């Protein structure tokens, strides 16, 4: 059987414990998981693409079948160019669901060979998002457990500089 | 690598084109898909368990890595006894989402080794459900395309007898 | 221009002030509104089809371009046989929305010539449904304003008999 | 200041750990919480009203400002007759939300003096409901932690008899 | 009977195949449909008001009872000044539904003579929105079929210039 | 019994009749309600913090157990520093519900001693929000009844200056 690989795309600004939970479970399901940091020029990110890739790598050293990349442009183009047929997405809430539903159908229309696989975010992380973590850290709130250890340290350092 | 197999449980009373679409896509994702007809003594089904298993088999002859079984009791027990770790579920709508979310978390609590993988129902089938098909067929409505050919024939025959 | 007529189908067991509000507004939009009481053999209704038709007629005497009928079988068949192309549905809540969405798409698939028009239930009636009215009346609760006057009288009479 | 008391109504067939969590938090908020088991003649309950009241009492011995009663008829009538002005409801999901929203508005219309206070179910219990517990127990599934200890024992006993 | 005309307001930046589908169906329902491009100074549009009006006109040449205008200010004021009583809105998803519900009620409060009529977006277009089309085109993705032909050409031209 | 006090946080830019309705009902439930205007440096508010506090005070003169403050930083820190254990939040719609659910759980994680109490917005105000009021007032629309009298005057004055 040919190996089954999947892409897990996102902004990861920064990666949270909820993302790590999805990656760990995706790594059980697929032969390889490619975590792909999307270069989105529109938003002002807290961490640069390089920092986000490095934080993901530092947080995923316990998984041997996961690699971290960055990508620019359309998701479907990246999938075609890298012979990937599956996308993993985490679902947390109703509004996630609707948006993800639309994107999954659009992507399938753009490339009939691809498919999207959804996993439910663990209940202990369903209230955790990158934006909530950023806001919490900016006020000096306790983020322990909401993000992997390397991200916790990076956030504290980042906001010491800014503050 | 060990083969990755998954269970796709349901009532399938009867199987619809939407179910077939999920099974076809699941068969791309997993090495084997076990379609499992749940024995649910509470509801009065239109088709018997045996009829439902037969209709599924007749509708899935084009897939070589799919098998059809029936099961009684708890899903997690069936998974454990058959060394299966993944469950496939189709998502069609918001109310599906909520119920599936609860069941997926409950199942993970009952067996930490299992996980649920969700696939979005194709937009051409999102309004199709077994109950809508049953009602439509009972009034002599046109069900062509909503169900696989063997189910179409079985429904017409069934309602000729009843009517 | 040909007159534009529409069907407003439902169980109306019994008609509520929310239904009347939709019918009044539908009668502004269409040249004629046909209110159609669905014969649904499955459920045990509180009022018979004849009683429901009569209560609708008694509650709609102020509207000259509305008529009340009962129908059995598929909605799309009734539409075709009566040269009607539009269906009116009231939307009250998210779960309404999903179900209505599925039915509207299914009906359009069964008859491409038909279309469904949705109107939002007025905020003063959004918590009113036939089943809540029935339950409230069965306990002797105050239903004044939730249903038209003829229905109020019929409910009080009905539950005096039963109780 | 006059003491603030609240009613927490439900079927409690049986009470779950999610209900207990809401009652514990309600007992922090109010001077007294009256847990009220609704007598609902329509459904076939697993436990009798008396059993449900007894299981609630056995599960709430650690709270001094909570009492357990049963009630028949309309909620608003019980509130008026007992000079209670607040109702507590737990929210678990979107469909809960909609139904609760309608009931809360209906009740406020029936009695302007009353108000409904909502508390979010703890994330560890959001997938727990009485019906899921009943089904799980009927198949001999592990219900430990999903219900208070006295309910766990009662369920095991109940299904030994039935099975 | 007096002719029944309706306003279909929106940003249309740019008009999509989903919008065209709603306009075509609205033109069956009403004697005339006025498509109104809202002048919204807050957002930075991709196309100017004039371009959006021209693209709509070029995409609607097959409909004889539709006209295209632009408007500034409050919707209810435009309706009053032009003796229009109906507004058409397309519904695509749950979040649409909620927002539209609020706006429809607010508008009815501002002008009791007006009413909003909702039509469900066809399932083939439910994942299509102006913002998704803009993003897709900006990356050189395939937008064929998602927008009318004149818009497809305008988008390709626009992004050649920008890129 | 110790007095039970609660915080009602928000942007209140400006306070609406919907907010006032929640505050009035919160003042029935709690011994004291502290209305807290959040200092949010990110958004460009219409009214300054001082103006918002003043408008709230001017709109709440009829309530003796309500005070108005402003606060900066994390909600949980403000609660701890002021020995407050309850937060009041109004629920208006599904999207509110999801966001509020996440925030309530996050806050409970940050401080186990606190709890969030939800009240449903009255149906006459469920379509009213600060942003809709701001937009309506900016176009000279009729805001009478949507906001308390002092806010109505302030909005008219504000937009005379801007316009």
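Labels A, B, C, D, E and F are assigned to the chains in the order they are written; within every chain, residues are numbered from 1.
One rule holds for everything that comes next: a residue touches a chain if its C-beta (ideal position, glycine included) is under 8 Å from a C-beta of that chain, and two chains touch if they have at least 3 such contacts.
On a predicted model such as this, the values are computed, not experimentally measured, just so you know.
Counted as hops between touching chains, the shortest connection from chain E to chain F is 1.
Between the chain pairs C-F and A-F, more C-beta pairs are in contact across A-F. The distance from the centre of chain B to the centre of chain D, with each centre set as the mean of the Cα atoms, comes to 34 Å.
Centroids built from CA atoms put chain E at 48 Å from chain D.
Residue positions 94-95, 98, 101, 105, 123, 126-127 of chain B are each in touch with at least two other chains. Chains touching one another, given as pairs, are A-B, A-D, A-E, A-F, B-C, B-D, B-E, C-D, C-E, C-F, D-F, E-F.
In the complex of the two chains, the chain E residues touching chain C come out as 1, 3-4, 25, 28-29, 31, 85-86, 91, 94, 97-98, 100-101, 104-105, 108, 115-120, 122-123. On the side of chain E, the complex with chain A involves touching residues 93-95, 126-129, 132, 136, 139-142. Residues 73-74, 76-77, 94-95, 98, 101-103, 105-106, 109-110 of chain D touch chain C in their complex. Within the complex formed with chain D, the residues of chain A that make contact are 94, 123-124, 126-127.
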